[in-house]
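The following pair of complexes shares a single chain, subunit A, combined with subunit B in the former and subunit C in the latter.
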Partner chain A sequence: MLTLLSKFVVVRWKSRTRYPVSFILGIVGQWVSYGLEFASMWIVLSSFELLGEWLPHQVMALYSLNLCCYAGGASIAYGASRSLPIMVKDGIIDELIIKPLNSLIYLMLSNISISYISHFTLGVFGVVLSWIIQGIHFSISNLLLLILFILSGSVIHASLMILSAIPSIKMVGNISLTAFYTQVREFMYYPLSIFSKPLQFLFTFIIPCAFISFYPTSLMFEISADNFTGGWIAFFSPVVATLLAVITLSVWKITIAAYQSSGN
Partner chain B sequence: MEHIRVDSITKTYLVKQRASGVLQGVKSFFHPTYNTIDAVKNVSFSVKRGEIVGYIGPNGAGKSTTLKLLSGILVPSDGKCFVNGLEPYVHRKACALKMGVVFGQRTQLLWDLPVLDALDLQRHLYRVSKPAYHRNLDLLIELLDMSSFMNQPARQLSLGQKMRANLAMALIYEPEVLFLDEPTIGLDILAKDTIRRFLKTINKELATTIMLTTHDMGDVEALCSRLIFIDHGSLLYDGSLESFVHTYSSGYTLRVEFADTVITKVPDTEVVAQSGNRVDFHVKDHSIRPGSLLRYLTNSADIVDVAVVNNSIEDILRRLYRK
Partner chain C sequence: MIRCLSIVKHAYRSNSAYRVNIVINIVSALSSLYIMIAIWNALYSKDISHTHPLEQTVTYTILQSAIFSAFHLYPGRRIAQSVYNGNIAIDLLRPVPLLGLHYAHELGNRLFRWVTLSIPTVIVASISYSILPPYSAACLLAFLVTSILGIALFSLFDCIVSYTAFWIVDNWYVNWFEGGIIAFFGGTTVPLWFYPKRLQGLLDALPFKYMSYSSIDIYLGNVDASGIFRVLYTQSFWILLFICIERIIWLQAKKKLVVNGG
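== the complex of A and B ==
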């Protein structure tokens, strides 16, 4: 599987870099775009002493970790989630089903993206800066924990992207659910504790986005979460990620079994 | 040995009825009604290893649906089918390794990358060893005459080149069964000849079982020893090509070229083709003798030329499709 993954990455790299100007402009554009968003958030947050119980650099850490996880998840799932409704409409989803590989894995591999370098580097920059301001040690254990949370958060992002796109297999032309995911993602830029209890419950137990960056950041920065859980819940991020991945694969399998194809 | 077995397979679709008018539209939104369409109805047949089978029928007959059931894309509503002893919609991955599928209007190539890159990716996907890959690649390049465009990206290829490349994609891992859905659609005569020659060669050299759907009877005549005819989801004929022509060819066709006045209404005949002053009259079951028909026509109009035309498969199918 790793050989296949690296093969697909090479193929996608070759495909994107066939148009070098477009590729470079894309990366630079993302840096500028997210960099400006980063900067504008910093300016706005600096006007407040606290957001809930969160200091500005802690909110930046939250945003940055979310950005890293989004980069990881989107690299493997964004392309798949955007192309799936189009493939269903054009009847070319058949191609996925005749491959000797799980059709979802093939869909993700064949749409893997290498363009999220900008998101990831900005995210890492934000996390590192926040750690320095907070005085968190760059110990092996802390770094391993960070890597674990980035991996878990990436899987959660990827799963949510795919889950929002799967209904298009039954409902031809569905785009609106993927837009719904985009809106939900924006809630994660801010500490969950500033939202109402029903929303906290929703994003913890129903759409578990809070495990992407809120709980991990709460734990790493030792912020007492003003909700019904403690910082320890962050250690469940890998469990939530695994569960969500299993659910995504199961839903995909059930939906594909009922696939009707299109005429020829 | 049966390579493909289809046991009373049925595929039914539920199609929502479209309501006319706003009120009916709102009503159908909350209480939709559905029509049941049997795309494939209780079809059974088997194919031995190494056979080339033509699977023909008019548009909407159920040909592509059958191929999609056999390739595991669709799950049957009833009945079962087996490829290499496995149900393809249950054992998708195992079947995919031994099966090649080419849909005439679809491509598996990488849009921006050379054909060679796509084939190399296919090697990893299908776990083809390097020696086998290079051996197969050399053979496919030679048989499909692909050396001139192996390093060109797919977006720059002509339709004929794309089809040859897609065939190479489907065969690089030496599948035992090949499903082709209209493989020569849109191709010129030379490209068709290349592909037909290629398919005959791999069938002979590798004993690849081939099942193809096509509207081009040239494909059928060049490749298939066996024909399966399907219409409205039901299997109507399964047998040799010669027997098909014999079974469905009845009577004769008289091709007449009129000088000026063209007659089309002649008792006990059916006009099967007309082009300008030329009319093809088909007489079923020799109900009128050719001499009598000719006398009738020459008494009714001036005739420039006349010929008795052999029933081609196309003529037979034209009559069958009209029914």
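== the complex of A and C ==
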């Protein structure tokens, strides 16, 4: 599996860097776009000083961690979630099913993207900057914890992307659910505690996006999570990520098993 | 003109094929509004001493995200896409000017989005949150006129930026620059009144605040009569300048055109 993954990554890297100017400008463009988005948010936060109980640099940490996790998840799942509805619409999903490999894994690997390097680098920069402002030590244990949270968050993002795309197998041509997930993702850029209790419940127990960045940042910055759980719940992020990945694989298998091709 | 209108109609109708999308899009738009308004509520709950009250900021957010985002036309992006996939060869053969063709397509798409998304969203949002009415009838009229000019300004800027596709073909990254710059300097995510004073001079000198921010500011009654005329003059100046630039680039672009595919 790892050999296959590395081969796909190499192929993608070669195809993307075939036009180096385009590749580099793409990265710079995404830095500019996300950087300016955060700059406007920073202007507002600095003008008010507090968002709920969160200071501007703590919101930056939350935003940046989410960006890192999104980069990880989107690298392996965004292309798949976007191409699945098109494949169903064009009737070429059969190609996927007859491969001698788990069809979901193949779909994700064949749509792997290296373009999210810009999101990731910007996210890491934001996390490092916010740690420096907060005075968090760059100790081995803290760094390991951060890596664990990034990995867990990436798996949660990837699982949710795929889960939002799976209904398109039944509802041919429908891409709105994947767009809806993009909207859900917006919630994760801000402290969950500023939203209503039902939403806090929803994003903790039903669509567990809060485990991507909210709980981990609350824990690392020792901010009291102003809801019905404490920061300690962040330690469940890897468990939630594993569970969600298993659910995604199961839903995929059930949906593909019931799929009826319209081929000739 | 009649041909363009039939393209608008066709684009509008082709959008209505996926009805489930309409509901999901409305839910997405409302959730986006909810996020923004929750943020403003949280910010204002700690500090209510700002020059612009919460109601103005909430109204700004609703008008910006429900009305303007739905009506931003991207004819240039469509042309760039057409260059990339080679469809430009067919587009140029059609009995409608290239720009008119893509304007009409965009208008049809956006009209559909406006009817099925913006209007329901504004209705639901006005029930859920307190939207301020226009400051006066004159402000409403000025808001409508400057909004149309702002939308024209936005689409012309999109054309100028997207025509880079004629030289570099795969210009996908240009959209990132365009989106980021308009969002920051045009105040599409955060009202520009929150920006520091030292940035205001720069914001006034650039065209981006006249794409939608100024119109909403007029709606809210924050601009006096002379200010409204200043906005109208400035918008007209930028539109004329952008039309000239667009035409010059288009003349050069035609010479650079390479049709992909075969």
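Annotations for the structure displayed:
Going forward, the second predicted complex is superposed on the first by the 263 of 264 C-alpha atoms of A that agree within 3 Å, B and C clash if a C-alpha of one lies under 4 Å from a C-alpha of the other, contacts with A are read in each partner's own complex, and residues count from 1 in each chain.
One rule holds for everything that comes next: a residue touches a chain if its C-beta (ideal position, glycine included) is under 8 Å from a C-beta of that chain, and two chains touch if they have at least 3 such contacts.
Predicted model, so just to flag it, every value in this text is computed and none were measured.
Of the two partner chains placed by the overlay, only subunit C lies in contact with A:S47; subunit B stays clear of it.
The larger set of touched subunit A residues comes from C, when the choice is between subunit B and subunit C.
Of the two partner chains placed by the overlay, only subunit B lies in contact with A:F8; subunit C stays clear of it.
In the superposition on chain A, A:P100 contacts subunit B only, with no contact to subunit C.
Overlap of the subunit B and subunit C contact sets on subunit A: empty, with no shared residue. Residues 17-18, 20-21, 24-25, 27-28, 31-32, 34-35, 38-39, 41-44, 46-47, 50, 168, 170, 172-177, 179-181, 183-184, 189-190, 194-196 of subunit C are the ones that touch subunit A when the two sit in their complex. Contact residues of subunit A toward subunit B in the complex are 3-4, 7-8, 11, 14-15, 18, 92, 94-95, 97-103, 257-261, 263-264.
For subunit A in complex with subunit C, the residues that touch the partner chain are 19, 21-22, 25-26, 28-30, 32-37, 39-41, 43-45, 47-52, 171, 173-177, 179-180, 182-184, 186-187, 190, 194-196. The touching residues of subunit B, counted against subunit A in their complex, run 13, 60, 64-65, 68, 71-75, 89, 92-94, 96-97, 99, 101, 103, 105-106, 108, 110-113, 117, 120-121, 124-127, 153, 181-182.
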